[in-house]
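Going by the order they are written in, the chains are A, B, C and D; count residues from 1 in each one.
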Amino acid sequence: MACGKCLQCRTGEAHICQNVEIIGVDTDGAFAEYVVIPESNIWKLDPDIPQEYASILDPLGNAVHTVLAGEIAARTVAITGAGPIGLFAIAVARAVGAATVFAIEVNEHRRNVAKKMKADYVLDPSKEDVRSIIMEKTGGLGVDVVLEMAGHPDAIRTAFDIVRRGGRISLLGLTSKPISLNFSEDIIFKGLTVQGINGRRMYQTWYQMTALLKAGKLDLHPVITDRISMKDFSKGMERLKTGEASKILVYPNGVR
Amino acid sequence: MACGKCLQCRTGEAHICQNVEIIGVDTDGAFAEYVVIPESNIWKLDPDIPQEYASILDPLGNAVHTVLAGEIAARTVAITGAGPIGLFAIAVARAVGAATVFAIEVNEHRRNVAKKMKADYVLDPSKEDVRSIIMEKTGGLGVDVVLEMAGHPDAIRTAFDIVRRGGRISLLGLTSKPISLNFSEDIIFKGLTVQGINGRRMYQTWYQMTALLKAGKLDLHPVITDRISMKDFSKGMERLKTGEASKILVYPNGVR
Amino acid sequence: MACGKCLQCRTGEAHICQNVEIIGVDTDGAFAEYVVIPESNIWKLDPDIPQEYASILDPLGNAVHTVLAGEIAARTVAITGAGPIGLFAIAVARAVGAATVFAIEVNEHRRNVAKKMKADYVLDPSKEDVRSIIMEKTGGLGVDVVLEMAGHPDAIRTAFDIVRRGGRISLLGLTSKPISLNFSEDIIFKGLTVQGINGRRMYQTWYQMTALLKAGKLDLHPVITDRISMKDFSKGMERLKTGEASKILVYPNGVR
Amino acid sequence: MACGKCLQCRTGEAHICQNVEIIGVDTDGAFAEYVVIPESNIWKLDPDIPQEYASILDPLGNAVHTVLAGEIAARTVAITGAGPIGLFAIAVARAVGAATVFAIEVNEHRRNVAKKMKADYVLDPSKEDVRSIIMEKTGGLGVDVVLEMAGHPDAIRTAFDIVRRGGRISLLGLTSKPISLNFSEDIIFKGLTVQGINGRRMYQTWYQMTALLKAGKLDLHPVITDRISMKDFSKGMERLKTGEASKILVYPNGVR
């Protein structure tokens, strides 16, 4: 919920509002029985978009925002982390013309979903030499773009190792741990652009998402690994902990 | 053939070199028995790209340059004119995530090829009310982007009629006739960006083309309507005049 | 007054709102005894900005919007038309690092004010060969940027004649007359970017104006040629018609 | 010396050439009796530019490249480090319309030169609470842009503390020490853009420098603190070590 009055809100950057309040953090969120939402935070779902996608537009928006935060068409792209947002990012990057998509993920279940999302290469950093493979597949150049969605220090380290000179790293994954960088080698000599990506642009990202979904450019079904009834809520939480579920849809009145 | 020494050449804009010489215009071109070409004008075909595409990279480059001259992902796009470059532009726009592609073309043969290139809508301006249809399909907004590739005054007029406020018109099609515009209504109130597109960026466009072709993102075969042997050259020229051929490939030693 | 709900309003382009209503055109304006203005259209004047500048922020905003609509630092710039907005544009272009500013204006009074605004060259197109002079002063290249603020067909024609290959023309001046262009020669071969500029960005332009004025980067006093009391309103209108006044400030309770 | 053949060289990014060789590092440099330089590395000094500026175009280019690597007009800017490049950056930022320039530097001599370069505020981080002062002067917002030119971990830390949400940090200063960042707090939540800046753009920066110098927009004399004869070379080196000299010009045949 953006304030609408700060510099950022008034210059098309409401997603980084200085006084932002987050539904579910600063106010009751979707786990409450009732929530009050400002009219300006409601986005009407286009009738051509599958209804169950409504529940995953928030993380899809993160993916769309990150992928489209710089040039992407005809570029090689690596996505570190294949949680739901990383998985969505695979679909979005492919839909908007990324030439090659590398997905990097330690969790086997997630790697399998990444394959279903049609990443060109799905790499396991715990067993494979990610940098060597990417260097080989890119003719020794490195990737044009890294979308960092793991929020893990190792993944962030990898991002700087595999990006080409003049490339872009867009950081979305959160981590509480401080990370050490050699600014000269990692950023300056390479002439990198490193972006912090927060939330979704209001409302550019929403228009973009709607346009892509309506046109049928994104098949997100592999990310929805489970559909449960509200009464099975705790089982759903258990499933999440196993790392074998990506997105779990909860149906109030039973799965349809 | 760019001079390499003017402001444009030295600031990454060699495609609009002040002293450009065009092979086939300023020097002998591909119809001569032998031609001399500077080393810097040679682009090595990646072995993963179908060899016959080598002969159409020049117009494909025009299409890639035009499509990628501004934001295109998740946008609605109209392409006026479905000659070879317009047809290629359909494929490129789709490959890089245009949400909806309208192709506008009077020639029936070309409209048929436009359908094979998978334009979402193929419109005949001689029989259909293009503006009404586009306004209806875009919720009364108009398209985000127009790629003008007909070089005909009517098409240029249409471009300004169907683009939305704040949209982009990229002009590639050449016309010798002066065209009359009401600058206030057509450009200023709408806050348009109108771009003149010339040639292909050296060498950004070539890297982009290579990346898209190598990744298999572009199926250009429908545009190659004829394959002939060199000895049937004059028949090929006749075919072109009928308007029923798009690109004709000429094989020196017989069609393979 | 932007609607706040259309695509343009919701993607940072409220200045080209589809449903815009203009105060003074669609509603009573500043010549009415009382006007009602939405809270969102009020901009609080920073106390460090001279109070009389408050009355000229609207046209200054047009100038700031136009100058900053593309790269300007270290560029050569021609401004066609030295009415109030053109005059402001001279000051803004200089303040943000334009290397050379050419002002082109037929009216002698305005040319004199243009000199006071410190344009590097002030040219009279009715007597001087503007194109030759600009070509000579730019080493045969033409200017990087033209800001068209005259709204006269001759000035628009000049804009296309003096801009360099790959340059920018930003059109602000309105004209009701259709203008004829040879698109191939005038736009396409040159690889130009032609922009329609409308109003002021909400609110980016206002922040920019405030920052420049507050920092003392703009001396606009030469443009305020007259200060009159409200009771001399009709005399002020007469002065405007002579073409010898640029901006006339009207003081409700007598000039202070 | 760029290779001219890699992706970066061929897409207008020769300043981050993959195979770059640096004169003075990879080959004999300006301390050798004779050096061989490729023709393409020679830039002819415009006769309107003071001849002694020729010797400082290299670091001036770093400053111009860094300042113009993003939007700067009407922005608040902090420059961390007032060595020669930082000092030049003050002049450049002012010339291209930065609204307010903060210079941050521990060395007293350099702070004095920074004042002569007309920074709006010159702060000593060893004695002043830089963050508090900047927050106060920017209405609690932070600066729009930080140009990091100190290459010191404390300065880099400061850069992240004083930049506003959505701001830009351009890193030029080199440091061999690893620096620890909290990516979530420092980059992601703030939606920052962090750029590594290397060298000077070939040749865009050179055109920009020439245009600014030729137009008299930059007074660099305060940075030239010493002029010595070649025979006093060792004394000059001693002066540099005192930290009291910024740029020392060495005249082969005696100071003129």
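Basically, a contact is a pair of C-beta atoms (placed from the backbone, for glycine too) under 8 Å apart; a residue touches a chain by one contact, two chains touch by 3 or more.
As the structure is a prediction and not an experimental result, all values here were calculated from the model.
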Per the touch definition, the chains contacting both chain C and chain D are A, B
Looking at A-B and B-D, which one has the bigger number of contacting C-beta pairs?
A-B
Rounded Å distance between chain B and chain C, as computed from the means of their C-alpha atoms
36
Per the C-alpha means, the centres of chain A and chain B lie apart by a whole-Å value of 33
In whole angstrom, the CA-centroid distance of chain B from chain D equals 42
Mind pulling the chain D residues that touch 2 or more other chains?
7, 207
Okay, in this complex, where on chain A does chain D touch?
7-8, 13, 15-16, 18, 141, 151, 156, 164-166, 171-172, 174-184, 187-198
Residue ranges of chain A in contact with chain C within the complex:
7, 10-12, 202-204, 207
How about chain C: which of its residues touch chain D in the complex?
64, 68, 72-76, 95-97, 99-100, 120, 207-209, 211-212, 214-215, 217
